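Can you read through this structure? Questions will come right after.
Chains: A, B, C and D, in written order; residue numbering restarts at 1 for each.
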Amino acid sequence: MNPVNYLYLAALLFAIGATGVLIRRNAIVVFMCIELMLNACNLAFVAFSRMHGNLDGQIIAFFTMVVAAAEVVVGLAIIVSLFRSRHSASVDDASLMKL
Amino acid sequence: MSFPLLTATAALPAVGAIATAAVPAARRSAAKWLALLVSLATLALAVTVLVRFDPDGDRYQLTESRAWIAEFGVRYELGVDGIGVALIGLTALLIPFIILAGWHDADPLETKSSRWRPTQGFFALILAVEAMVIISFEATDVFLFYIFFEAMLIPMYFLIGGFGDRAHAGSDENASAQRSYAAVKFLLYNLVGGLIMLAAVIGLYVVAGNFSLQEIAEARANGTLDMATSTERWLFLGFFFAFAVKAPLWPLHTWLPNAMGESTAPVAVLITAVVDKVGTFAMLRFCLGLFPEASKWATPVILVLALISIIYGALLAVGQRDIKRLVAYASISHFGFIVLGIFAMTSQGQSGATLYMVNHGLSTAALMLVAGFLISRRGSRLIADYGGVQKVAPVLAGTFLIGGLATLSLPGLAPFVSEFLVLVGAFARYPVVGIIATLGIVLAALYTLVLYQRTMTGPVKPEVSAMPDLRVRELVVVAPLIALLIGLGVYPKPLTELVNPAVEHTMSDVQQKDPEPEVEAAK
Amino acid sequence: MENLIALLVAAPLLGAAVLLCGGRALDRAGHWLGTLLAAASFVVAVVLFADMLGKGAEERTLSQHLFSWLPVEGFQADVAFQLDQLSMTFVLLISGVGTLIHVYSIGYMEHDERRRRFFGYLNLFLAAMLLLVLADNYLLLYVGWEGVGLASYLLIGFWQHKPSAATAAKKAFLVNRVGDMGLSIAIMLMFTTFGTFAFGPVLEATGETSEGKLTAIGLMLLLAACGKSAQVPLQSWLGDAMEGPTPVSALIHAATMVTAGVYLIVRSGAIFNGAPEAQLVVTIVGAVTLLFGAIVGCAKDDIKKALAGSTMSQIGYMILAAGLGPIGYVFAIMHLVTHGFFKAGLFLGAGSVMHGMNDEVDMRKYGGLRKYMPVTFVTFGLGYLAIIGFPGLSGFFSKDKIIEAAFAKGGTEGWILGSVALLGAAITAYYMTRVMLLTFFGEKRWQPDAEGHAPHPHESPKTMTIPMIVLAFGSVFAGGFFGIGDRFLHWLEPVTGHKHGHSPLSAATVTGATVGVLLIGVALAYLQYGRGPVPVTAPRGSLLTRAARRDLLQDDFNHVVLVRGGEHLTRSLVYVDHTLVDGVVNGTAATMGGLSGRLRKLQNGYARSYAVSMFGGAAVLIAATLLMRAV
Amino acid sequence: MSASAVHSLWTTAADPIDKIGAPKIEYGQLSPTLIVIGAAVVGVLVEAFVPRKFRYYVQLFLSVVALAAAFAAVVGLAARGFGTTKAQIAAMGAIAVDGPALFLQGTILLAGLVAIFTFAERRLDPLAHGNRVDSFVAQAGAVPGSEGEQAATKAGFTTTEVFPLALFAIGGMLVFPAANDLLTLFIALEVFSLPLYLLCALARRKRLMSQEAAVKYFLLGAFASAFTLFGIALLYGYAGSVSYATIADVVEGNVSTVDPALAETMGNDALLLIGVAMVVMGLLFKVGAVPFHMWTPDVYQGAPTPVTGFMAAATKVAAFGALLRLLYVVLPGLRWDWRPVMWGIAIITMLGGAIVAITQTDIKRLLAYSSIAHAGFILAGVIATTPDGVSSVLFYLAAYSFVTIGAFAVVTLVRDAGGEATHLSKWAGLGRRSPLVAAVFAVFLLAFAGIPLTSGFTGKFAVFKAAAEGGAGALVVVGVLSSAIAAFFYIRVIVLMFFSEPKADGPTVAVPSPLTMTAIGVGVAVTLVLGVAPQYFLDLAGQAGVFVR
């Protein structure tokens, strides 16, 4: 099956993730959408890796997973502390600073 | 390399400024004396420059040249021509009087926290301005000039905004509000001008590859550097705009009345008699020197602006109710004359313009400082609050009148010489312009005499009845100025001989010949 | 010998410097010092005069070069003097009359605590006036020209505490400035035309340039003359100038300064000779002023203002004569000198009267003073006879010659000018007689002054009477001395040149006519004021009278057109400067602020909207990049 | 894809492992990064094992020594000519050791050092229960205002983790501008971003704002890096490799062997252009260019001020370094595509930053917007695409970072009951109260405004000159105009400090410990030196202006 299709899928996933970031209020969900975007990237990497017949893309995919994990650690820490002090994980509630 | 005299002349006040600022808060009078001494020493150095300078020698003398910022093709190049020497002399001469006149202007009203040291600041800033002005008269490297042309705004800004006129109409916060408005206006106007000039400076570098006045001039002369006409014009406009703001030329003048009105009289003198001269000086040296063709191209417009400045400034001076604003508008009119002289492109006009810079400095200083003494006595700047002063303080009135007569350039006083030269110079090339400009002398008489009549003559107002006459310190300030006004009016020859060769150089820069008199032409 | 010339100027200048800078220490002796230096200058003048008489007519011109004043490329101005017969005449007149008036002022200003300063100003005036007539180039003349203007400004406004005085002084200076404009433009024209403005070269080279240029220069010089000599249309200041102390009026506003215009025109004769149109204009100005002044003189009740009017009209005569060209120059100067004597005398007399009458100036409040101040009466009377041109006295000779010359101009112009001059003579006789009658004859009409002191008229002190007597002598004999045997003519001819015009009327006819109109004028005046009692308050009078009282509405005109208009102009300009010129800048600042405020709103604090902007930005970025490749 | 290709792919995949040699790492040339990262790791261990009351001192000592050592290493490398003649690619093509890299690393290290001083300042906040405290929360986990927080404060807890975090961030920043392939770029990006997210959340005062700042920064940052990553993927897809050199070759079309797959993707410019756009967007986000700037004001305001200063300075340096390398090494062949776009970005960034700043009322937000405007100016230099452009940008970054850290350090001094008094109205009359501090701040403001005799002017002149020479005259004009606008609000602050009467309830100016004094002092010194006698540093930047490929 033509790997290009995987690219379309990746693009689709990326778009979905981005849209999610734009429209969802809950920080956790927003964060999940970002993870989705990262996964889309991974898919793209692997697909390309296959097209070009070298392993770089696959290796990068592993790196990305690690980075994503690290992001989860940091991100959840921040979001949780925010949630605890505000009793809400809505990104829209956190708008003290503006203008 | 011999003793760097020019550097020393500029550096001394700079060092003095730092020293003055460092004087402990309690020792206020020490700071004053220190500042005065430094300014006098600077005057001595300036005199040495004057002596060492040979009018018939090279164009630029006492030159210094050191590597500075090779990256930008910038060198630390100093050198003076006759015009520069004259203006350096003027600056160094006026500063001591300014300091002396402002002796008490910066005494703190109430005892502030021990770290608050207005007096030290005031005099330090004045010296800083002097240093920067002097070096910008000396710089023969465009970048070097630009640096100080811009940098001098900062101390001026603090002088205007920080040490306002005590005699202010209205409440204190109102006063400080207007003061900072004036200061901000001053800074923004000049900063915008300077930034536009910055673009032109960069453009010049792109075209010429270095900033040395002489090198560029030579390169242009022997054709190794040819600017496209449009480029030259754009660059010229960039430079001229900045200088026209500083000068100030209509319609970029409105910052001056605010600045002069809100600041103390000595600072007002510093602005109009010293700092603004850098603008007209730079027109002569940089606009004409670097962009002769563009200068000629722009001449018609500039002459019109100058004429407008002359008439418009005078008319507004007539319409003023505030003594200092009146003097400010009078200065605008006078700057119109200077610009007219510069761009008349005749040797009479340009010599006249240069003399005018010096004489206007002296006359405005005399008038404004006496006005300052007057205002400090009555505590008001409004003309209407005065009357009959001449009865109670004849000496003050007399000096004020002489200052006024100098402002209306009465023959026998220095300004007449320069004004007439400018008029003749303009008339020789553009008769109509010359005639219109002559209207200025009538209007000048009008605003000066009206001012004198309303303040000094008539029945004595009760508020001024107890007004003391000039004190010794104040006489020491005014008397020498008046002496100079008369001296240079009767015997301006030394000055003209100093200036003429430089003017001839400028004329050759712009490849202009004086129009021949009709009769000789016929022969 | 020529090195003495500088002394003429230096002496009074020194006096001015010392008196004005010197402190109260000089208050006691100041006036003597001033008088002494004036006298010194006169003595020097006499010495030079004697020396000059000793020489032949050709080498009488002396010149002294002091120093190069303003050397600029292609532009040479020197401080140098030139003393020829013309200057000599003026020098003698100025320093002579000047000295007399110094003496007079010693008495007149006795009670003024600022007397020292007054003498300082007088000396300053003398110096400037002498500089004016001695200068050998127009620029230096300009210096003297403005110098006398300054002195006159200071002296008119000497009693500055009186607002009227201060205003009058300012007005005088301003009107004169308008004239000065003319002079400076004239000098510029000379420079561009001849490349110089020294008398010698310019006046010799007049032949080499176009008549148009000369006319332009001439008209500009005329403008200057009008300002200084109070000729229409710049005459309005002279009347107000009477606010000054009377000696000032006598010296500056009668004898010397106001005649500077005549000097200028005569001195520039060569230019005018080359410019007939300009000459015509000059004569017209002279003629108009001649009548104007005379009419004003008839209507004024203020004795000094009446005399001022007469001064105006007498100078009108001189200008008229000067405008006639070579036929008139000499007589213009001659009348100038004689007028210097009798008009100064008349003013001093008026001053003496006021001195005795608590400074009352309204003639309707005088009357019958001849018994109380005989000396004044006699001297004033002689001056009166001189000015109306009573046969045998100074005025007769000089004025008669001018009228003759006017007719001699020939053509209709000649007729018109001549008859105008005659008419003027008649009116002169009328108003002077009026002054005489109102002041010295009839019954007393004295009124107590503001403080309620009734006046006790008394003769003035010697210091005042002696100068009056001397001047009276002048007014009686000067004319005869000059006129008989054309002494003056021969003296001045080498400088001004002279032509005998061919008058359509014989000299005798003209003289007869002059005397005739004179008698008519006197008779009319006597009929009106001599017989019946004179009302203390002026009757309403005819339209003309009322207009004349207001200087023929000239001031009103100025006020409406210039003052009001100027005020409106400046006020509107102040507005423009504040709203338009400044407004533009403040406007831009405000716009920036508004823009900033609006853009700020985008920063609404919601992370998601930030994300939107990023997303949008990315989209645009991508689109743009692709677009770049597309195009 | 044909079966044979799949087969070949399979066989390549099945090649015996022993062909892969152990990677060759030039430890010497990577020493700066290694030192810092190593110190960071040690710092973590310190947190684990050193008793609480010594941690602060040990951490401070450790970080200072590490940064100083790393800087020494950079200097050493530069001295050995790695900046110029011996510039080369290290670590199997992952890291470039060349002029720009070393210059920027040096700058980052010095900035970091100075920033660490401000991190360690413990004299400004009043004693909490008798303990000296810095500007970081006692216990990040504790809910604001809860008993837990009270207890933590009482127990004298302090978050000394900030030091290792900062070191990690610095480590990442050191790699970022030196990264020579896209993977390393991405990793470095994350390595320095994640610690910063955390640091933002650790303010002692105004914790809610601090946490909000962290959340915003984190979410938007992650969002941006997702874009970057996708962009990287596309570029990889386009060139079949993530190494800068290879991509550059492919872009310029000079590749020796073109296999069919590559030929196919090479033809597809969309991949290239979209990829470039997305990667560049990620970098522009980090430098805070309009329209990717919106996080800047909020984060700058909310984060603890020392962190703000650190971010504002170091992040910009690193990000611009990376941007330069990307554009100059990878995409010179693509200049005509990205230059116009960057023009647009630069213009709206300069104007946008300047204009919006006019109406700001909070000093930290004001500085944030000013930093946006400055990003615009630097972009003007980037666009020049000449060696001069590179060196001018390098110089500008160095000058700017010290001014910024100094300015924010001054902000930490002006305090009232609620901690730092950042509202502008509180600054009224500061010049009367404490002239010295006000004067110093004025110097920084003038430098921001680009007044001559300050480093700001030299830098601005350098970039504008480079831009003009690079044919971007119009940019210079816009830049000049926006500097005029910008001047307005810097001046406004000066007016406020000097010309308006002090308020009765105005803030006090705390007297800091030598640490902050050093930070401010260094800032002032650098500002003036680079303003008056910049020649030496301009030369340095000039020599460092060449990238290795």
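Everything below uses one rule, namely that a contact is a pair of C-beta atoms (placed from the backbone, for glycine too) under 8 Å apart; a residue touches a chain by one contact, two chains touch by 3 or more.
Bear in mind that the values here come from a model prediction, so they are computed numbers and not experimental data.
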| item | value |
| --- | --- |
| Nearest-to-centre chain - CA centroid comparison | B |
| Most distant chain from chain B, judged by the mean position of its C-alpha atoms | A |
| More contacts between chains, A-D or A-C | A-D |
| Chain A-chain C separation of Cα centroids, rounded to whole Å | 97 |
| Whole-Å gap separating chain A and chain D, where each centre is the average of the chain's CA atoms | 24 |
| Rounded Å distance between chain B and chain C, as computed from the means of their C-alpha atoms | 37 |
| Chain A and chain B, separation of their C-alpha mean positions in angstrom | 65 |
| Set of chain C residues in contact with two or more other chains | 600, 603, 605, 607, 611 |
| Residues within chain D bordering two or more other chains | 215-216, 219, 223, 227, 297-298, 488 |
| Chain A residues counted as touching two or more neighbouring chains | 18, 21, 30, 91, 94-98 |
| In contact (per the touch rule at the top): chain pairs | A-C, A-D, B-C, B-D, C-D |
| Touch list for chain D against partner chain B, complex | 432-436, 446, 451-453, 457-458, 461-462, 464-465, 468-469, 473, 476-477, 480-481, 483-484, 487-488, 491-492, 495, 498-501, 534-535, 538-539, 542 |
| Partner chain A, residues of chain C touching it in the complex | 600-601, 603-608, 611-612, 615 |
| Interface residues, chain D side, partner chain A - complex | 1, 5, 8-9, 12-13, 140-141, 143-144, 183, 186-187, 190, 194, 197-198, 201, 207-209, 211-216, 218-219, 222-223, 226-227, 229-230, 232-234, 236-237, 240-242, 259, 261-262, 264-265, 297-298, 301-302 |
| Contacting residues of chain A [partner chain D, same complex] | 2-3, 7, 10, 14, 17-18, 21, 27, 30-31, 34, 37-38, 40-41, 44-45, 47-57, 59-60, 63-64, 67, 70-71, 74-75, 77-79, 81-82, 84-86, 91, 94-98 |
| Chain C contact footprint on chain A (complex, rising order) | 18, 21-23, 25, 30, 91-92, 94-99 |
